[in-house]
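This structure is in structure tokens; I'll ask about it shortly.
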Amino acid sequence: MIWQALTLQLGYNATLVTIGAMLIGIAAGVTGTFLFLRKRALVSDAISHATLPGVGLAFIVMVALGGDGRNLAGLLIGSALTAAAGLACVQWLTLRTRLAEDSAIGAVLSVFFGFGVVLLTVIQTMESGRQAGLDGLLLGSTAGMLLSDAILIAVGGAVTLALTLLWRRPMILVAFDPDFAAASGLNIRLVDFATMALVMAVTVIGLKIVGLILIVALLIIPPVTARFWTDDTAHVWQLSGVVGGLSGFVGAAISASAPDLPTGPIIVLTSFALFTLSLFLAPNRGVMAAILRHVQFQRRVHLRQGLLALAQSQPIFERYTVKLLEREGLARADGVATDSGRARAAKALRDEKRWEVLRALPDQEATAALYDGLREIETVVTRDQLAEIDALIPQPAGVPS
Amino acid sequence: MAPVTLVAENGQTEPENLDHSPLAIRGMTVSYGQKPVVFSVDATIQEGSMTAIIGPNGAGKSTLLKAALGILRPLSGHVSVFGRPLATQRHRIAYVPQRASVDWDFPTTVLDVVLMGLSRELGLVGWIKGHHKSRAIECLTRVGMEDFADRQIGQLSGGQQQRVFLARALAQGADLYLLDEPFAGVDAATEKAIIAVLKTLKEQGKTVVAVHHDLATVADYFDRVFLLNTRKIAEGTVAEAFTAKTLNAAYGGRLATAQIDQLTLTG
Amino acid sequence: MSGAEFVPLSLPPILIGVFAAIACALPGNFLVLRRQALIGDAISHVVLPGIVVAFLITGTVSTWPMMIGAALAAFVAVILIEAIRRLGRIEPGAAMGVVFTAMFAGGVLLLERSDTSSVHLDVEHALMGNLESLIWLDAFGWSSLFDLEALAGLPDELPRIFVTMLGVIAFIWLFWRPLKISTFDEGFAQVMGMPTNALGLALVAVSALAAVAAFDAVGSIIVIAMFICPPAAARLVTDRLGRQVGWSALFAALSAVLGYVLAGYGPIWLGGQDSVSAAGMIATVSGLILAIAALFGPCRRGGRA
């Protein structure tokens, strides 16, 4: 079953849903990157919760006009309207009052959602509302999806993705360096508005498959995952699109392969699995790499400090330093230097002196700024320069040349 | 640890007085990520002195102070306060953070901030009584802010905020005062008022340490300097440690020689 | 309305709503000031996986295992957020978003995969609570308030949320000074020797406790709304922390009472027959109060004079 699902052999509807989920995943991954880089990831949470009253209002209006309240296109238009209203409230509260953005987000998401719930209970009391199935939009549901819905989602996902790719350059610029972007003539507010409009589009189109509570995950998890693998903004959004698309595709396929596997949660958990792998295993920013680096770094610092203390016959206050020196055969357990310890210590001290001289040279300011206590001086100056520096200091005894 | 004699890097020996120093730092290294911003620094603050910690931007001045106070966790280092572990001596320390480090929009008044300096004495649930308030007002008077006691702190100017911070430190009644950039972004009148208060503290035998960035006023305001640029460059009286040679070593080409001559000549 | 109708049907839900609202709003003041408002959002989302796992382990829908499960889930979420933030060097908002959505998704999946048809356990319940059903059948009127036998029949949620509220009040009262100082100036608090990290964690733990106790009765929507809206509105009304906390409790209680009454009687006044969701209406009213404060509050603008 899984294999058939992954190769899109589970029928027309399932195939459209899978492709639609993939397109939404890519679009969400890419637009989410710009939110993430602007450090506004959770604004999407306010937007998505603010869709609920729109869904309810659209249903009531469509029924009042004598139509079918369940028309997906109508519901999505309604949800987009209140999502925009919610976003406007967040902006207004942040700019016009002293409240911080996190409070504004939390207030808007809970109040709009609460009002949406009120509307849902109103609908439940309406004649035509009993089987409205609007609560399916809370968590997403692909069961009983109409063909027209599936087409709407696939086309909507494709259009959103196309617009995202089209506008990516200004969005990258603004996310990466807003001041520079403004200086080079970009209208920041317009670009931010476009970003938010795309986030809204992704949210609205994702409602049916992923549901409004979980769509946030598709906007946040892929960019965060991608960030572990690269420091280059361009690569972040590309990779994020891949992670989002993969999660959407695999998640939707897995969920189509068996009953009782809700699409939205499976997609979210797929992306979370990718995130967890990245968190631990990414080569540079991953946790394992960072821990390893930190241990080595701490060792270098303590060793170097220990050597400098030995060279100046200062007491060493830290047990770890003494232990390291001992393990390296540079000192005895009581902190007295061995022969090789003395030699290394003298070299360390001489290097400190060399840095000191270097720092006082007026034309070497940039080089001297590289000093951090650990960097070998030989790596920043040429042999000739080193000789010049050495000429300025008296050679201490006992340094092997 | 047995008392030992330290050999300073310039070859001079100075008596080891960890036992008496209000703040003694040994082998302090602090890093952000993989880059040490303070490397293997020793410092011995003299009791009753007014010491300026100076050095170029990014030299690790504030970082050293914060690590010494346990606000940042150093990679290595040993700190003693009045010869004892920091944890047992906190009541003798008053710390004035950088003004920009707090949220001035916080819903509180000037008097309230000064009363925070008394919280050790008040304990968890002690009531604030009249004599606490009058002491807080007295501290505000010493910095010339008594008329602002009921103001919301967000309504103050930068200089006024700095004075309130100093008043809070005074309320603590400490023996060692540590100030992080107390003159950053304040008006001339405030600078004068703050330095007058600090000099009074010194006359009372208290110890004052301030991160400072204006080289022109070092010699007027302080009697000792601690020159830092990732490593300790120099430490001593203004005459000893605030010289053309040490400044050049700390600031490199950033200060023109003429400037340095002027600074050290006037000092 | 007569006491015979009000006391059994409306008094308990209103009281539960008021106590839950106050229990959430009080720690909410500090969360809002610490720019951690969305911790409340995260906590209320992870309550669902907590109760589902508790149900799967114990096999019954009973209160205590579920509350413990929810509290544990909140704890796990906070630890995970901190770990991801520090280990992955990711901004707190994004770290929160990753954790609570993934945990919520896990909760929904577990719920769908397990047989809960025989028990009343679903997502809607977790979101919206069932405030309206918390009635006091043993009461016949105001006199029942003095009738020990009748009092024994009060819904369990009432004493539970009341005790929780008292606990929250005690925490805030006892640690008022350290909470205030460490929220305003963490570095200063540390130099004074205050355990600021432990204090921050305790604040989150107390918030989680309030959230879990409140969610049981009123659902997660109110929990998030009450963490944020009343304190935010109160901040716009006063410039003193003490008064802000007082106002926030008042706004919370007002939202609960007004919201409940509007949900129950509003539709009838408008000519309808059925009531609407009380939880949703309470959240809506708290939003209206915030809107009024944002438009007219004397301290709505920040900055210096």
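Every chain is named by a letter (A, B and C) in the order it is written, and numbering of its residues begins at 1.
Criterion: contacts are C-beta pairs under 8 Å (C-beta built on N, C-alpha and C of every residue); 3 or more make two chains touch, one makes a residue touch a chain.
The structure presented is a predicted model; accordingly, all values stated were derived computationally and were not measured.
S.K.: Please find which chain has its CA centre nearest to the centre of all protein CA atoms in view.
M.R.: A
S.K.: Taking each chain's centre as the mean of its C-alpha atoms, give the chain farthest from chain A.
M.R.: B
S.K.: Weigh A-C against A-B on C-beta contact pairs and write down the one with more.
M.R.: By the number of C-beta pairs in contact, the winner is A-C.
S.K.: Need the CA-centroid distance for the pair chain B / chain C, whole Å please.
M.R.: Their C-alpha centroids are separated by 43 Å.
S.K.: Just the number, please: Cα centre separation of chain A and chain C in whole Å.
M.R.: Comparing mean C-alpha positions, chain C is 29 Å from chain A.
S.K.: What is the distance, in whole Å, between the centres of chain A and chain B, each centre taken as the mean of its C-alpha atoms?
M.R.: About 38 Å, centre to centre.
S.K.: Touching two or more other chains, which residues of chain A qualify?
M.R.: Within chain A, the residues that touch at least two other chains are 98.
S.K.: Send over the residues of chain B in touch with two or more other chains.
M.R.: Residue numbers touching two or more other chains: 105.
S.K.: Which chain C residues sit where two or more other chains touch them?
M.R.: Residues 235, 299, 302-303 of chain C touch two or more partner chains.
S.K.: Within their complex, state which residues of chain C touch chain B.
M.R.: 33, 173-178, 180-181, 183-185, 187-188, 190-193, 235, 238-241, 244, 299, 302-305
S.K.: For the complex, give me every residue of chain B touching chain C.
M.R.: Checking each residue of chain B against chain C gives 66, 69-71, 87, 90, 93, 95, 97, 101-109, 112-113, 116, 119-120, 122, 124-125, 152, 154-157, 168.
S.K.: Across the complex, what residues on chain C touch chain A?
M.R.: The contact residues of chain C facing chain A are 32, 35-38, 40-41, 45, 84, 87-91, 93-98, 101-102, 104-106, 108-109, 112-113, 123-124, 127-128, 221-222, 224-225, 227-229, 231-232, 235-236, 263, 267, 272-277, 279-284, 286-287, 290, 294, 297, 299-303.
S.K.: Hey, which residues of chain B end up touching chain A in the complex?
M.R.: 1, 4, 6-7, 9, 26-27, 29, 31, 34-37, 39-40, 42, 75-78, 105, 229-231, 245, 248-250, 252-254, 257
S.K.: Can you list the residues on chain A that touch chain B in the complex?
M.R.: 98, 293, 297-298, 301-302, 304-305, 308-309, 312-318, 320-321, 352, 355-356, 359-365, 368-369, 371-374
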